[in-house]
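Shared chain: subunit A. Partners: subunit B in the first complex, subunit C in the second.
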Partner chain A sequence: MLAAYLQKLDSDKTNKNSRIEQFKRNWYKFSRNPMNIIGLIIVAVVIFVTIFAKTLAPHPEDAGLHVDIMNAFSKPTLKNWAGTDEYGRDLFSRIIIGLRPSMGIAIMVLAISVTIGVLLGLVAGYYKGTLIDLLISRITELFMSIPPLILAMVVCTMFSNNYFFAAIGIAVAWWPWYTRITYNLVTSLSNELFIVYTELAGVKMMKIIIREMLPNITSSILTKMTLDTGSIILVASSMSYVGLGVQPPTPSLGSMVSEGIAYLPEFWWLTVMPALAVVVIVMGFNLLGDGLTDVLSVEDK
Partner chain B sequence: MMSNESIIKVNNLRKEFKTKFGNLIAVDGVNFEIKQGENFGLVGESGSGKSTIGSMIVGSYKPTSGTITFFDEDISKSSKHRSADLKRNIQLVFQDPGGSLNPRKTIREILSVPIELYAGKRLSRKEIDERVQSVLTKVGLPLEYLEKFPRAIGGGEKQLVCVARALAAHPKFIVLDEPTSALDVSMQAKITNRLIELQKSQKLSYLFITHNLCLVRNMCDRLAVMYLGNICEYADTPEFFKNPKHPYTQMLLASVPVVSDEEESLKPVKVKSIGEIPSPLNKPKGCPFHPRCPKKTSICMEETPEMREVSPRHFASCHHI
Partner chain C sequence: MKEGLIYVFKRFIHILIILLVLSFIVFSFIRLIPGDPVKSTLGPLASEESVNRMTHELYLDRPLVVQYGHWLKNVVTQGDFGKSLLTSRPVSLDIKEYLPRSLELCFLSALMILVFGVLFGTISAVFRNTWIDNVIRFLTYLGVVTPPYAFGVLFLLIFSYLLKWFPIGGLPRFSPENVRTGMLSIDALLMGNFSLFIKVLQSYFLPCLSLAIGSIAYQARIHRSAMVENVNADFIAFAEVAGVSKSKLIFKHLMKPSFIPTLTVYGLQVASLLGNAFIIESMFRINGFSQYSLNVILNKDPYGIVAVTFIFGVIFAVVNLCIDIGVVALDPRIRLKGAE
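Up next, the complex of A and B:
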């Protein structure tokens, strides 16, 4: 069935633009697996909710120091979908608003670590076997040998315990993985004949890296970024669970779980609801990442 | 067509690779020259060193010793140390057309690379487009291929794009490293015919590296047979196929599979093929072919035979001719 569809696409001469054609083809492959669609929907919803958190939250005032003792410890009801906490604040609103710092940290971490990681990976990979490669690779390994959570905690406690340094801390631990993946991609690419051709022809190094190599590694990097978003949210939540990063009263998913633990098992929703949110978000990004991996790895063949 | 001036001259060319298991002698003192406008075939089994020679001519490797000259210029150096004009004049077509085209670029983008690179000045978008279209037409591909990705076209068409990319540089000399061995038989004929046409219309010289004797017979003016890094026989194509002298060449010709019994009876000599090509890591002493040779005597194990002119313009290296 796939073969027939692809043939139809190939024979479709009216479709002049190859890039649109390629996108259509990839979308078809992606959409065949319902898990991929679920992942895409979750991610889309998470992004939408993050952007419009303040408008979407039924009780935006509950994000701060709002107290409504009469309503405290209410079970999940139609009015409060996820129940309320010890001050009577709506948990659902707090979870939605708590998404913001998590996503913000993920974006900051990715922006920093992808820039640094990919740049160093490209340079080290291109100069494979030289002193530059040796230096970059050893530094990368040094950072990789320390667990990211611990490294992030050290940075956070050394400088200042806030949202910004939490992101810096995670990024310090995260960039080596991008250097590693870029390095591996570049070194395997440099044996490819189309790169050998450009080298023999005398194309300048920067042009080879940017025009010939980069288009071949972006899909792998994007896939890794998607998969990593989930992991970073998890690390950020773990950090806020132990009180690093976002400070109360601003809600964050991790700190909500840790605060709720005191009330287990009676008021279970205080921990279960935010934890469930983390699980669903991480799962969404992983499903989407897996889907992208499938599509892009098939495309390369 | 063919002039007497030689375009490529290879003199006592030698290439050793250092490996974990010792020195690998890929090319061991090879001499030949290619005349301008000539199509020179280099035939041999895998591991005979034929591709290594091609790689040294285009500058992938620097020779261990010996020289390669292009007209009168010494080009025994790696491509990094070659002038842009030299790189432009010597182009290469690889064996694997799929791997030699960037999968993320359209045919237009792929063909623009040599055009922009060798233009010598900044070209406008329009000028580049015109030149891209003209080379694609030269190899006989329709213009709608420009927007396609390599994945969307067939193996033979990819190889034509590779040829177009080589032509885009306006070279004088093209090394064709087994350009058809990855293709279907029907496509092979199409590509070789196209290559011959282009050679005539663009005044090119080829070094055609292959293990396929039938192709050589149809394409090449002259050919050399390689065995374990040495040339063992070297002659004009008609003479070579009529009158093969070296025992290895005879064995090679006898082992070509044929379609019918009539064809089988047309083979010049009948020799049974024995053994396989030894590893170039432990090359036999004396004549490299002696372990497989039906005519071997004690001298073959002691002395390496010299290249001799056995009949006019026909050279072979064997003690027993």
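Up next, the complex of A and C:
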């Protein structure tokens, strides 16, 4: 009894050590490409700024209906890094605070669509070739048969045009992709030798899926989640561009661009600055996602 | 050939079923809209009688199945999609007015995506790991992460306001008797007015480019990686050993198999163009179908929403069917598997 326990403790320890080793190896591969590091830094800064937006913003009161006409339409200066808008509100503060709803929507969409998508993908892969598989793939196909942006907008307006239902709307259009990727991963894994052997050893299918398959697909799912964060921020900003999602006076990146269009070309910073913010954020998540893909796919081989 | 036809036929039936289920779901969904759409359109002062009459006229007081059956019958027999509460005229008339312009916009964008995406992808693959490749890869990366509205703003600022090469927005106006197809460039050609045709293309250039550029970048990346993957394939080595010339090797042996992933991605990109066009349409003041569908959705116009989602479903399905046929034509293995 005690011997078995000690042995287990020992194996846990070596397991832990080898995991640290593996992490070090992966980190080395990851850090050799400067683009990956840039991506990581951008994402870290974005997350930090999102959490402490209210404290970091130089003029937190400008998030609301604050008016300072004397300062209206100021060019980007040392005092207002990104200039001010038609009410004299500091654009830099508004962009920082506008990050919050974008990130919030991305987190909600990922939480919902990964849960539903991966679950359905696992179930469909588990019951491959049966009626359940057929049913799930048909439902998935149905949700993929109209453009995602249109689907998200319909869902958002049907219920209530706010931040929460914007996220629900995007999630409704997003989960099928996770079902599809999980299904493909599970079906290709089921031909792998280690799965075939565990099956032969008489391990229950459900246990195989949870203990053997799920750990093997997490890296692919996590990479996709990183890449998707950027895409969701893009979609959410497109929706807020037409007034769906976060409602004024709360700033959001898309609505800031659309409001600024009226003041082109003289007051270009009203549109260029928030658009630039979107580009940098999305690029950060894409760089990080690509870096993870490279490292993890090499590890797979 | 025979198995190809069977495959296409199967896909066609499949699409029909999907469209039927989709429209039925949207119908039942619309019943769930909180608030009465008729009441909100007629306003609070409308008499109960007129609200009831309108509700009856729109089949909103009948059971769901009856309403759906009636709608489907009218769509199939007369192409009638019901009456829009927003514009208070048949939805089919609205579609006829707005759709051609958007289709024109998307068609031109799709053309740009195919030509430039494949062009840059091929250049990048042929000169891989040189500075040309690196520059293209960097630019396509920027293209993928930048939203279309940001490109729109940028192009407007540079090419319209600063350089004044293109109009700031809007399309040339046509007198009603000259509108035949609704697609402005074709109408201009039908009028025999070539300078107007050039003017139409000029007005379309910036919106099309803003809409297409993200997809061009993505397409170029996909095409590059498809070509690079095939460079190491056995059949290319054999062809090289057999003494096939370099240009023939690139354009015949390498291009054809590389088009399979390219086409699949291309289908997805083109199918979603129309759904993504609403921002570009509003930015460049093109009164098109995307704008219309956005208005319909924002105003919760029941028959409008059903028609719009149905049209989007049809376009998605048709584009995907065309792509499937293209892939089947390129790859005999998929053809045989699909017919089983």
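Quick note on the criterion: the second predicted complex is superposed on the first by the 285 of 301 C-alpha atoms of A that agree within 3 Å, B and C clash if a C-alpha of one lies under 4 Å from a C-alpha of the other, contacts with A are read in each partner's own complex, and residues count from 1 in each chain.
Note that contacts are C-beta pairs under 8 Å (C-beta built on N, C-alpha and C of every residue); 3 or more make two chains touch, one makes a residue touch a chain.
Just so you know, these numbers come straight off a predicted model, no measurement behind them.
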Fit or clash - subunit C, subunit B, common subunit A: fit
Subunit B versus subunit C as contact partner of A:148, first or second or both or neither: second
First, second, both or neither for A:194, with subunit B first and subunit C second: first
Touched partner set for A:37, first subunit B, second subunit C, both or neither: neither
Partner chain in contact with A:242 - subunit B first, subunit C second, else both or neither: second
Partner chain(s) touched by A:202 [first = subunit B, second = subunit C, both, neither]: first
Partner chain(s) touched by A:132 [first = subunit B, second = subunit C, both, neither]: neither
Comparing the two partners subunit B and subunit C, which touches a greater set of residues in subunit A: C
Which superposed partner A:286 touches (first subunit B, second subunit C, both, neither): second
Subunit B versus subunit C - smallest C-alpha distance in the overlay, whole Å: 8
In the complex with subunit A, residue positions of subunit B that touch it: 58-60, 79, 82, 84, 87, 92, 94, 96, 99-106, 113-114, 117, 144, 147-149, 152, 165, 169
Subunit C-facing residues of subunit A, complex: 141-142, 145-150, 153-154, 157-159, 230, 234, 237-238, 241-244, 254, 257-258, 261, 264-265, 268, 271-272, 275-276, 278-279, 282-283, 286
Parts of subunit C lying in touch with subunit A, wherever the complex brings them together: 18-19, 21-22, 25-26, 29-30, 32-34, 141-142, 144-147, 149-150, 153-154, 156-157, 161-162, 271-272, 274-276, 278-279, 282-283, 293-294, 297-298, 300, 305, 308-309, 312-313, 316-317
Contact set on subunit A toward subunit B in their complex: 10, 13, 16-18, 22, 192-194, 196-203, 212, 215-216, 300
